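Below is one structure; the comments refer to it alone.
Chain naming follows the written order as A, B, C and D, and within any one chain the residues start at number 1.
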Amino acid sequence: MNMDQMGSPRAPQLFMSTTELSRYVQKVFPQAESYGWSVRDLAPGNITVVMNAGDDHLRPGGTVSGPTMFALADITAYLLVLAHIGEVALAVTTNLSINFLSKPKPGALIGQGRLLKLGKRLAVCEIHILSAGSETVIAQATATYSIPPDRPAGMDN
Amino acid sequence: MNMDQMGSPRAPQLFMSTTELSRYVQKVFPQAESYGWSVRDLAPGNITVVMNAGDDHLRPGGTVSGPTMFALADITAYLLVLAHIGEVALAVTTNLSINFLSKPKPGALIGQGRLLKLGKRLAVCEIHILSAGSETVIAQATATYSIPPDRPAGMDN
Amino acid sequence: MNMDQMGSPRAPQLFMSTTELSRYVQKVFPQAESYGWSVRDLAPGNITVVMNAGDDHLRPGGTVSGPTMFALADITAYLLVLAHIGEVALAVTTNLSINFLSKPKPGALIGQGRLLKLGKRLAVCEIHILSAGSETVIAQATATYSIPPDRPAGMDN
Amino acid sequence: MNMDQMGSPRAPQLFMSTTELSRYVQKVFPQAESYGWSVRDLAPGNITVVMNAGDDHLRPGGTVSGPTMFALADITAYLLVLAHIGEVALAVTTNLSINFLSKPKPGALIGQGRLLKLGKRLAVCEIHILSAGSETVIAQATATYSIPPDRPAGMDN
């Protein structure tokens, strides 16, 4: 009997390094590169992703667009989940709810992801988006990922 | 005393035609054009928007990306709210929650928006996304818009 | 290969009648009775539930409380999912997002549930709450249910 | 020009003590007492609320019911917002989205609320629910409150 069977979440444990994670996503999801993201920090249960919002991602008034912030939230959660389950390209977002709190300045955005649950079938993450160099949360998101049943051997969870 | 003051929502009423709406959005929000949207139907409380998801918006496997479906949901809700409040470019999304239900086929996507509430300060919409020619809802979203207080004269609501 | 494996949702099909459904819920979930609910209509993909919000469920000003409307949304979705998967008491809510649109009058509330997705592992429903005798949606909710893997024999989906 | 007009959120500042807050809620919202809540900690931007989930709030299997966890999330957010805006009984929940992550044990529940945004018209809070004595987040919620325009004098924000 493991913790998951007892109804308690597993303590999160990393299955990939920052380098493995970045290389894998570039391979399976090359379009994501247009967002100019990179992983700044990775620790059990937590990730920090940086995205350089370029001119393509701006709204009138010079602020970053909603779809761009959505994309950062989604990528942050995807990288966080992948790092904890290993190379499973098919993990899919089932829900993403985002609250836009204040207007970001143009420039780099930071996505801070926290893994709230890593179950056999679902992972739930909380994401805070900040402008680089600021402590103000400009958008908050919650994302749910469905984890496919056919996970790599050796990952008995 | 109007219905809104009694705590009941107003019956939705259009303030812009399809042509006025499209022209206005192209003027204030030219980036939106990259999504290739057009308004197919507009009626009090309801809108149908078509979006041609091009190659830029695809994920591995040829399906439409999450940020693209987010963008369609957001544009559908924005157009729906604008059509009912008039030329107020600054209406801003405060929350968008999207459920991804099944994978879309590449090709045109349809966004069906329904106005659930149009208050003095907030508008709430429900959006169903379908592949063109199909009846299956592939994504469902709920969007909340904050309506700025400085609305044009003659719109006493 | 069935439709689900092709990524398309199954057409919803009922596995329980209104009477079977009500009897089953009273057996496995007797506390739900304190909400005074009953199933008014049940059809493939849709349900209508009535709840008599009593004095226990009121807020100051005589309106129905948030937790009561949450409970109606949750019960409506639970009954809707159960009716389509059969006697699986352990289906559990994983997310419920509710938008409060206008204040209900005291008295009976109606929950209208629509099944948007019925997959092998997740079901997603949209719920509209109305005051009895009114057409105004006073609250809108989206609920996600996790469906346990050990479903009764003969339900190969 | 204040920070709010510049698009940045105000730094949160308390307008009520724990005692004032508890007394006020007991006066305007006596039904809330049935949940047996009390404020454990209150600091700028953060609150901790304890709720003793009694027998009335249990589901089959002895776990705390969904509506009870919803109520704790809602009360935590309501108390948090009130503490930062002063005696404004009419602040109303416009959206509450809750993710149920794992089953709570019967017994006291803890609601930890964090104020993400306090604008002129909307407040957004993040709430984590834990079983007393545990570090595991068993439910996560995001709540949005609409703040009425007629706030007490001297609160120029």
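Rule of thumb we're sticking to: contacts are C-beta pairs under 8 Å (C-beta built on N, C-alpha and C of every residue); 3 or more make two chains touch, one makes a residue touch a chain.
Given the structure is predicted, the values throughout are model-derived calculations rather than measurements.
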*Which pair, B-C or A-B, has more C-beta contacts?*
A-B
*Using the average of all C-alpha atoms in each chain as its centre, how far is it in Å between subunit A and subunit C?*
31
_Euclidean distance of C-alpha centroids - subunit C vs subunit D, Å_ = 26
*From the C-alpha centre of subunit A to that of subunit B, how far is it in Å?*
26
*What are the residue numbers in subunit C that touch two or more other chains?*
94-95, 97, 99, 144
*With chains as vertices and touches as edges, which is it: line, ring, star, complete or other?*
complete
*Which bits of subunit B are touching subunit C when the two form their complex?*
7-9, 97, 99, 101-103, 116-117, 124, 126, 136-137, 140, 142, 144
*Name, in rising order, each residue of subunit C that touches subunit D in their complex.*
28-31, 56, 58-60, 65-68, 70-71, 74, 89, 92-100
*Can you list the subunit C residues touching subunit A in their complex?*
94-95, 97, 121-122, 144, 146
